[in-house]
Structures are given as C-alpha cells and as structure tokens.
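Here the chain labels run A, B, C, D, E and F in written order, and each chain numbers its own residues starting at 1.
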Amino acid sequence: MRITVIAPVILQGPRPPSVLAFAAAARPGCQVEVVFLDRGPASIESEFEEALAVPDTIVKALAAEAGGSDAVILDCMLDPGLEAVREKVAIPVIGPGQTSMHLAAMLGDRFSIVTVLKSLVPLLRRRARDYGLSARLASVRAIDVPVLDLERNRDASVHPLLEQAILAIEHDEADVIVFGCTGMAGLAEAVHNGLVHRGYPDAPVIDPGLAALKHAEAVVDLRLTHSKRTYPLPPRKALVGYPGM
Amino acid sequence: MRITVIAPVILQGPRPPSVLAFAAAARPGCQVEVVFLDRGPASIESEFEEALAVPDTIVKALAAEAGGSDAVILDCMLDPGLEAVREKVAIPVIGPGQTSMHLAAMLGDRFSIVTVLKSLVPLLRRRARDYGLSARLASVRAIDVPVLDLERNRDASVHPLLEQAILAIEHDEADVIVFGCTGMAGLAEAVHNGLVHRGYPDAPVIDPGLAALKHAEAVVDLRLTHSKRTYPLPPRKALVGYPGM
Amino acid sequence: MRITVIAPVILQGPRPPSVLAFAAAARPGCQVEVVFLDRGPASIESEFEEALAVPDTIVKALAAEAGGSDAVILDCMLDPGLEAVREKVAIPVIGPGQTSMHLAAMLGDRFSIVTVLKSLVPLLRRRARDYGLSARLASVRAIDVPVLDLERNRDASVHPLLEQAILAIEHDEADVIVFGCTGMAGLAEAVHNGLVHRGYPDAPVIDPGLAALKHAEAVVDLRLTHSKRTYPLPPRKALVGYPGM
Amino acid sequence: MRITVIAPVILQGPRPPSVLAFAAAARPGCQVEVVFLDRGPASIESEFEEALAVPDTIVKALAAEAGGSDAVILDCMLDPGLEAVREKVAIPVIGPGQTSMHLAAMLGDRFSIVTVLKSLVPLLRRRARDYGLSARLASVRAIDVPVLDLERNRDASVHPLLEQAILAIEHDEADVIVFGCTGMAGLAEAVHNGLVHRGYPDAPVIDPGLAALKHAEAVVDLRLTHSKRTYPLPPRKALVGYPGM
Amino acid sequence: MRITVIAPVILQGPRPPSVLAFAAAARPGCQVEVVFLDRGPASIESEFEEALAVPDTIVKALAAEAGGSDAVILDCMLDPGLEAVREKVAIPVIGPGQTSMHLAAMLGDRFSIVTVLKSLVPLLRRRARDYGLSARLASVRAIDVPVLDLERNRDASVHPLLEQAILAIEHDEADVIVFGCTGMAGLAEAVHNGLVHRGYPDAPVIDPGLAALKHAEAVVDLRLTHSKRTYPLPPRKALVGYPGM
Amino acid sequence: MRITVIAPVILQGPRPPSVLAFAAAARPGCQVEVVFLDRGPASIESEFEEALAVPDTIVKALAAEAGGSDAVILDCMLDPGLEAVREKVAIPVIGPGQTSMHLAAMLGDRFSIVTVLKSLVPLLRRRARDYGLSARLASVRAIDVPVLDLERNRDASVHPLLEQAILAIEHDEADVIVFGCTGMAGLAEAVHNGLVHRGYPDAPVIDPGLAALKHAEAVVDLRLTHSKRTYPLPPRKALVGYPGM
C-alpha cells in the first residue's frame, strides 16, 4: 500500500518534524511519501492561504494517482481542497479535519479543538458545521503560537496545549481533545501524559494527521473511495493559467 | 456608489448577456463594472473549477478595493472564494448563492434551486447546508444544460426552467424558486410569467445575481461590511507562485 | 418608490427620534411615510403588547397598499404580525427582526442581539429560532432600559449598549452585534465608534430598522414580494369587532 | 378542578359538536366550561384570523383566571395567542397544537398532521418548527374541507381523513396521525377504526383538543404552570382601544 | 384505572420513600401498584446498570399487561428499556425522562436537569438528544449524592438541589428545572419553595416520576398507546437464558 | 494485535458465513477471534432482542479485555450495548452501526441504509439520529428477508439488495449505500458489481462489519479508546442475577 501525504505548503528549509511522524506511524507494508507544493503559502492559517494552496494540491494529487498511490492525505486541519481534489481523482482523498472530528464524535460526546491561532477559531468552527458535527463541538481554543513557530520549537507547545486542553475539559465540558493543526503531529502522547499527570486521564487526545493516515489505511483496505455521485468528475473545458490540469 | 462584479471566469468571445443585466439593474447613481479573470476556467460547474477561479478572483477583488470600489460581487451561484476574499479586503464581498438563499428564506418557507447541471446538485445542497438553511431547502433541480450553452441560447432555457420550477412547486412543496446559476440572469421575469400562465402565480422567482447587486447596494448604504472577527486579515508570510498578493 | 413604515404603537407626544432616522436614510427617489396606530400599546415589550398591536397594524398595511405604497415595514424588532399582514397584502412586508438576523448571519458567523429589557430575551431567542438562525445566535443581552425611556434619552443608552456589545464579543464570542429594538435607530454609529475606541473595530453593528428599509428598497427594485404559497390570502368570512377588514 | 376552554371564534348559531366533546371527556370532578369570543373571526384558517382572535382570547383568559378556573385551553390547532396569554395569566394555558405534537413525538418516531385546508399546511409546518419538532414531522396533509363545513357535516369528513391518514402512513412514513384542527374533535375513534379496517391498526390517531384537556388535567394535578421566566408579566403602560386589559 | 410502576431495581430493605409518592399522587379511581425487580441492580447510575435492569423489566411489564394493568411506568429518569418494552406490550409504556423533558419544553424555553451524580451528565444529555430536545436543554447539573444515599436521607438533598437549580437559572439561563432522578420524588415542592424564598419564584420544578404518572393517566384516558409502527412486535425465535419471554 | 468480535447471538448450528469474513479481512498481524453468546437471542431484529443480548455481551467483553484483546467489535448493526460495554471496559469498543454511518458521511453527502426487515427501519433511523447523522440519511430500505434466512442463503440476497440500492440512489438521492445488517458481510463486492453493471458505478457500498474491523485496527494503532468522561466506570453496588459482573 502506498499513501501520498500532500503537505499543502511550500518547503523552506528542512522538512518539519510533523511530517516525519507519518512514516513512523504507517503500518508494516504501507509506504508513505510526503510531497510539498511548488506554488503556495509557507503555512496555512487562513481561508486565503488555503485557497492559494489548492491549485497545486490538485496537481500533486493527480500526480500521486498517476504514480500509483492508493490514497492521498491533505496534511492540514482545514482539509484544503478536499472537495475539489475528490472530484479530480478516483483514489481516496482523506482530510485530517474531517477524519479527526468524526473520530472524536465516535469516541465521546463532546470534543474540543485546540489550535494554533485565535484567528483560526471561526474557520474550524465552520468546518465542524460543514461536516454536520457542530452539535458535538464543545469549543475551539487556541494556544496563540503560529504554525511555523510551532514547528521550530515543538516542545514549547506542549505546555500551552495542555493548559488549553484542561480548560476545554473543565470549562467547556469537553470529553475528547482534537489537535487543531497537523503541525502538532507527534505531540499527542506528551499532552495525554500531561493530562494524566494533572488528573484528567479520561479524555483521549486525537492527532488529526495520524488519524487521517490510519483512516486512509482502513479505506484502502476496504477498497472504498469517496462517492463520485457527491464528487463528480468535472467536465473538460477551457482553462487558462493552469497548464496540465 | 461603485460596485465591481467579478465574473470568476475567463472571457472567450463577447461578454455573455447575463453580465449585461447588472448595469441595467443598478439603481441611479450606482456604477457597476464587470471584470473577468485572466487565469481561471471558462465556466464554473464543479468545486475543481471554483478552486481554480479563486486565486485570480482575489487579485481582482484587491484591485477593485484599491481602485475605490464600494463593494465586490462574486458572480457565480457557488460564491467562489467568498471567505478567502473577505479575509483580504475590507469592502463588502457579496455572494449570489448566500444572498439569494437567505432572501428566499425571508420570502417564504421552502425554496427550491433550479440549476444547470445535475452534477451541481450536491454542491448547491452543500452550500445551503453551510449557510445554515438546509431545513428550508425543498430541493435542488437541474435543467441539464451546461452554463456556456445557456449563455449562447438563453431563450431556449426558459421552458426547461419553467418545467423544473413547476415540479419543485408541485412535487417538492417549494414556495420560492431560486435560479441556481448566475448565467440565468435576466430570465426571472420570463419564468415568472410562465408560472403565472400555468396557474402558479404565487411563487417568487429569484435571480441570484440581481439579488446580490441589490443586497450590495443595501450593505453599502448601511455602511456595513463583513465581520473581520469572522474573516480576519491573514498574516503576511512567504508565498510562491502568486506574485502581488 | 414609496415605503410605509408602520410604527406599531400609539403616539403619545412628539414623534420619537428613532422614526426620523428612516427618512434621512432613504435613498434618493424613495419616499418614506411613517404611520402610527390608532389602537394599540404605547410600546412593545412583550408578546401581549405585540398581540394588541397586530389588528390595527393590519388596517394600516391595507391602507398603505390601497394608497399605492410599494412596501411596508413593521417598525419593531419583534416583527409584529409579519405573517398575518403578509397574508392580507401583496406588497412586500418587511420585518426588522427577520431582516437584521439574516443580515447578521450573512456578515459573520455568530451574532448577539442587545435589547432593552431582560424580559425580551426569551422573545428574541424565540424569534431567532423561528427564523431558523438559532445556531448562529451567540446570545441575547439587555441594557435594562425600557423603550420609552430609551426614546426620551437616547444618548444615555450608548454607554450601556457599548458595554453589552463588548461582553457579547468577549464572553459570548459574537462576531456581529444586532440592536434588539428599533427604538435604537441612529445609535449604531456611536456604538461602533465606541467599539473601535475600545479596541473592537472588527464587529459590525446592525441597526434593524435601517436594515429593513434598505432591504425593502432592494426587494421593491427586484420586483419581488413574499410567497403567497407560504402566506395565502385568507378566505372571506364573518368577523365581529373589526370593521373594514 | 375547573377548566375553561376558550373557543377562539365567534359563535354563529348552535354550539358546534366539537366543543361538546370536552365535557364528555373530562374526568370525574373536572368541570369544563366553554366560552366563545365576542369579537373575532367565525373560524381560524389563517394567521390573519388568528391575530384577530387573540385580543378577545386574552380577555376571556383573564376572566377565567379571575373566575377561579384552574387552567385555560385555547381550542384551536394554531394555539392562538399561546405566548401572549401565558404572559398575562398565571394559571396553565394549554395549546392543542403544542400538546398534540409533543404527544405524537412521545408515542412514535414520525407524525403526520391531517388538517382541513391546504392553505393551513405552511402554518402547521411552521408551528412544528417553532415547537422544535420538525425533525419528527413526516408531513402535513389536508382534506380540503373548510372548518365550518366540517362542523356542519362531520360524518362526511371521516372518509377523507382516513384517506389522507393512509397516504401519510404509506407515502410519508408516518407512525402517528394528528388531527390538524380541533373541529375534528370526536372523530378520532372513527378514523382509527377505519385504519384498523383498512389494515393499519398500528398508528395512533390523536385528537388535539382532547389531548389538551387531558394534559391540562395533568398539569393542574402536578401544580405546575408555564415558566414566568419564559413568559414574564408585561409591564403596565398606556393602551388604546383595549379597555379592561 | 390501574397503573403499574416498575421500579427497575432490586429492593434491599424497606421500600424507598420515592415510590410512596405515586400512590399519594394518583387521582381518585386510579390504582397504582409498584413492583421491584427480582434480577437487576440496586440502583441505576450508568448505562451498564440500565442494561442489566432491562430484561427483568420486560418480564414485569409483560406480567403487568397480562394482569390487566392499563399502563406501565418505568420508574427511572433514564427510561430503562423504553423501546424494548414498548415492542413487547400493547399498553402504554411511560418513561419519566421522556415525559418530563417534553413537559419542560412545553412549559418554557430552556430547561436544566439536576441529577444525582456527575457521571450521569453525559447519559442525560444523550437522552435529551435522543428525544430531539437538546436545543432546549440549558444544562445538566449534579448534586454529587448517590441515589441510595438520597433515598436514605432525602431532606439533606433539598439544599444542594436548590443550589444547583439557582446556578442553572442564573448561569445557564434555565427557565424550568427538571429533577434528574426519580428518587427525588416528593422533593419538588420543597425545592420550589426554596426558589421562591431565594427570589426565583418563576421557574417550575418538575418531578419526573409524578409527571410520568399524570401523563400515564392522560394517555389511558385518551385510549392511546405508542405506535406499533415505531415499536413493532418482535418476531418469535430461539432465545436462551430468558425463560418465559 | 488481537481483536475480539462478539457476535451478540447464540449459535445454532454452524458458524454463519458472515463471521468468517472477519478473519479473511484482518490485516497481517491482526488476529481476530469470534465469540458467540451463551445467553441471548438467535438473531437481533428488534430492541427487545438487543436488550436480551446486552448482558452476556458485557460478560464476553470483560472476558476479552481480561484475556488481552486490544479491541472489541459488537457484530450487529444496532450496536447492542455500545454505551454499557464502553463503561465497563477500557479497550476500544467498536459498533458497526456507528462506524459505518460516520464512514458513509465522510465518503459522500447522503447515505441510505439497506437492511433485512421493514420492522428495523425505525430502529436504524433512530440510530442515525442518536449518532447525530440524520441530516445525511437519505432513507432506510429493507429487502424483507429475516437475518437467519439471509445467512442460510446469501446469494439469494444480492438481487434484492441491488434493487433496493438502486431505488435508494434513484428515488432517495443516496450517494452512498450502507448495509443495514452485519449478516450481509461479504456481499458488498457483489452488490457493487451489480451497481456498476446497471449503470451506477459511483456509489460506494459499505459493509458495516468490515468497516468496524478496519476502524478497530486504526483506533488500536492510534492507541486511542473511547472517552471515559463520556462512559465512566459504573460504581460497584449490589447486583442480583448477574454473577461475575
């Protein structure tokens, strides 16, 4: 099984640690390849940046399908281009936002999302609503650390993540914690341990990127993919400025 | 008052008649300018095409704001890039889909959307859900005519629009009809007359493009714009492939 | 264009300043006439008073239609008699409550209503629910000033309105503020300026009466009216105590 | 126990048979008094007529409370003035529409309302929505017989009621049938027998007026009444045209 | 009329005072019989205990029906086995949880449930959701007293119930209070008096067991029962370990 | 990895073919063990039978956890005892109903469930509602074949499954098909092939049992389990008739 993770950002410098977590987490026999964009933003913290990430994400997904990948993961909590990519390819296209919110709704009654910036709160609240899960969303909280800073100094984020998770449990009646940024990949264990230590052993902590990877493995095993009735192949027509699509 | 209509498509040949309807409908003292994309699809009938329309739509919206426009209309029922554009500009950004569905919900209990292609049904159903109005959506129906054919031969579309509108009223219990494509601009009167002639004088027929224009005039008059708490300005950061943004 | 504003209250003394705002806000060529009730309450702060306002509101709306008005505005946030009046007349009947809540839902994700009395909180919450918008309602707050006191000393209300608006933003996560009484007409600018001054420039403040006026202008321009399928003309039958209806 | 049934209509000729059903159905020791309006419509088949019924309904409810009644029933499926009356009196005010829909939701998954006129369909659909039960409403159907004709020739209505009930079960997947007019009081047994005879013994048939009576007995026994937090007593103020309120 | 109250627990020692409240509250001519389980838990404070209570509850309900009872009440706020029992018997099966939440939704806008243990909060929130009433649920609060302790020392529970009720009103904007355990039967008057004394006379306090009793009387009077379309009789088939079912 | 599948029925004769599908579908290194009940029904087609299956299902789950299993699957579309079992064990407890409905909601917009008996329709509709997914449920349809007959002659079920799936797509606008009984395990490929052959290649067909297996593998890999805040461990107390629990 081969799964392509599309990091929907341009790479500046070394690969961020969060993308390394995928290969480590893949099950035996599952090969994970991470690709970055040639055109797009350095990180995604707005609808604007998401919009600029989508065109090249589609290119990369088409290449992944052509190259024989069994599934594509859009490595961002906002699921950039989920619908558009699903229209263009037949292999499963997995969004960490959609996957982790549905997983949270299956593991408990109410979930809170803890994300990087306050400005992402309305975007994630909107995603929960679009996925039909807002009745289960206890809150969206932020640690006020930009994605790129988070990637540079991951250990420093554990404490604010833990603080916000505890507030979500105590104040917002959350039963499950969902990380609100795939850049937090690999930190779930540390935050969960912190919760245990602070007297909250009972709330699962979901890493959306890894949840997407495991969901992708499951969907491939089941030989399923998204419904092409919901996501029909676009008709061919004139297109300017996007060669090769 | 100056309003910029962004037709989120590339122009191939003469301007389609639907965009002419705007200038005719603007109130005295309101100047409407229609701009087309330099990069993008010839028409929008999928999430994929919408995604490719958004980047240059943002460029055009930024130019409109810089040029002194009072508001921007995204001239497509799918409201391409509504959230992204609102993040980048401070002037009102009006989507015909959002505007016409809310207008329909104010004029009656249940509305049906009559669009061009069956493949657009899930997209429009999703928009109604995202806007929080799906409890009021009676149905989405299609006339099975692509946008570009519609624009070439508009009169031929009146009859199938009428037939679907009658089915929506009779079969789906619709109280209000909403056109599901801004390319249908200018046909509402003919369809409404057809409904009167066929014994259905009681269902309003909403032209989403003109509804957006009138809503834009209203919002500008009220000196309002979208909440920048919901649509905060994106942080500045590295961006490859999108010069000038 | 002629629009009749029905102030659904009896007039005691001079016309309140809030109704003067309409004529000033009407666009060139739009003539606004304000009429008061002959029978009804001095102000509306309960369902009981609303109920007593409706019969004469219907009389006034019938007179407006007979006199050639193009639209009627029911000048109260509770939209007194919206459905009943729509059944009896064919011209558009616009409710500030319905209009402003839908406008708020289009401008941002979550809105709060700031009204006069705490006793109005359940009534406005119910209106939001009836209009299908309660998922977007962050809160209803009150300044604890009766309508008639508000009209007598409008400047004194700016500060409590500002305080409640800030609480709505900070505590209830509101993105948009909606005045919960049409008696507040003309105060939006002062409250918005106060918000800017206090560090909250990003939340629009909606004046429901003026929003209704602009919406009325738009609906008249679009040659639309409410669906008579939703609001069918009542059958004629015996009626005691309401001559002329 | 004394319960006052307010028939929110003027009486023309003899008392309709539907109101006789109340006294017969009251439990031993419960005395039912039926009062008619002095001012209002001959029957209620629109929001307009409902609006004209409310003022004198309030008068009658105040008189009932002053006269020592333990509860008031508003004898119409539209629950005319339910909120306004509850604000003015402290004794329980019971609406057949609200009561019968909640009862239906407790007895089965999906209910259909079978009413008199097609023009009542949007009104009853709206009531179900306002009561928060529209997810359980399978359909609203009509027999196309006006209330006053129904009262004049009740036996003739059993067959069309039965036909619509069967369509509701077969076509709309209804589990429970609710009469959509209190003028149908006393016909539930005949319709239920018809359903048994036609092979549908499993769907309860709810008579909303009698359901309201039994609910009133229950609420009085429980020494409960509506929450005055939801329905606060209106402040006293000038009121023209409604002496004695 | 004969009503069987099934206390879905085993009896250890004398009958708890809460079950005595039923006979006292039954109307003249209504005979109430309380039966306890032979197999099951000592009290129900979890889904696990509920599950173990259901099999013998079914046995007791079948015996009640065979013995001529007119209705069965499942005397626990969690409505243990409501659907299963309804499938097996034709007489009305009444759940205090379902009944009291619907009653609360009829008496006011928002209700809060005050229960025994914090661990019951998610269970009761889930019940409200399953009954379609979560939009009206203000909160679920707990007094942190186990059921069996409550039964042993009922007076000691009045104060914590009162404290939580006041918090529900003040902090959660509740209009109606619902006891979240049928073991609290008989305490509503004391808590209501406490609320009056503390300045909150306006919020009704619902005793779910007694509400179920009165609802049972009403349903029997109306000759109604649950829809066997929603709760069809199970087919006969092999069954091991449950003799006599 | 070891996963215990609890078939919540007693075994009469040879193991049904549906349970053989699990071992075949498990990924390398995942060992699946299927256990049957000692006490319970022969098949589950009602809430009553579900209720009788739960007590021994809990026993089997406790044994699985004690024996070192990594997860438990409740092999029935009704998810018998999902909440109760989750309270008693700490390892993941996976329900095919919950899993397959969430999976369907992730793969497309609207899903239909095709089950065995019409009498299961309200039960499955209720499950969809309880899981918060009813807005996405297009319909529940039945092939009118009891579970035990289905297991005896599986090939005969492919055609009626196909017919109902096509009706779901054509008539109910379903985008995804979900089998409504885990006894259908292994038939998804044949039904999907039939859909392709009949011109409906675009709708995925979900086998709920296998979906649960793959989800269990994913959850175990992620080292997650259900939230013990939502499903707290029941307190210890007296329990009659259920030794060993």
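Everything that follows uses one rule, which is that a contact is a pair of C-beta atoms (placed from the backbone, for glycine too) under 8 Å apart; a residue touches a chain by one contact, two chains touch by 3 or more.
Since the model is a prediction, treat every value here as computed from it, not as a measurement.
A.B. asks: Looking at CA centres, what chain is most distant from chain A?
C.D. replies: D
A.B. asks: So how far apart, in whole Å, are chain C and chain E when each is placed at the average of its C-alpha atoms?
C.D. replies: That pair's centroid distance is 43 Å.
A.B. asks: If you average the Cα atoms of chain B and of chain E to get two centres, how far apart are those centres in Å?
C.D. replies: Measuring from centre to centre gives 52 Å for this pair.
A.B. asks: On a C-alpha centroid basis, what's the spacing between chain E and chain F, in Å?
C.D. replies: Centre separation, chain E to chain F: 30 Å.
A.B. asks: What positions in chain D touch 2 or more of the other chains?
C.D. replies: Residue numbers touching two or more other chains: 109, 122, 126, 129, 132, 135, 175, 229-232.
A.B. asks: Please classify the inter-chain touch graph. Allowed labels: line, ring, star, complete, other.
C.D. replies: The chain contacts form none of line, ring, star or complete graph.
A.B. asks: Which pairs of chains touch one another in this structure?
C.D. replies: Final set of chain pairs in contact is A-B, A-C, A-E, A-F, B-C, B-D, B-F, C-D, C-E, D-E, D-F, E-F.
A.B. asks: Could you pull out which chain A residues touch chain F in their complex?
C.D. replies: 25, 27-29, 98-99, 102-103, 105-110, 131-133, 135-136, 169, 175-176, 189, 201-204, 206-207, 210-211, 214-215, 217-219, 221-232
A.B. asks: Within their complex, state which residues of chain E touch chain A.
C.D. replies: Those residues of chain E that touch chain A are 121-122, 125-126, 129, 134.
A.B. asks: Within their complex, state which residues of chain F touch chain B.
C.D. replies: Those in contact with chain B are residues 109, 135, 173, 175.
A.B. asks: With touch defined as at the start, can you tell me which chain F residues reach chain E in the complex?
C.D. replies: Against chain E, chain F makes touches at 10, 12, 37-43, 45-52, 54-56, 58, 81, 83-84, 86-88, 119, 122-123, 126, 129-130, 132, 146, 148, 229-232, 234-235, 237-242, 245.
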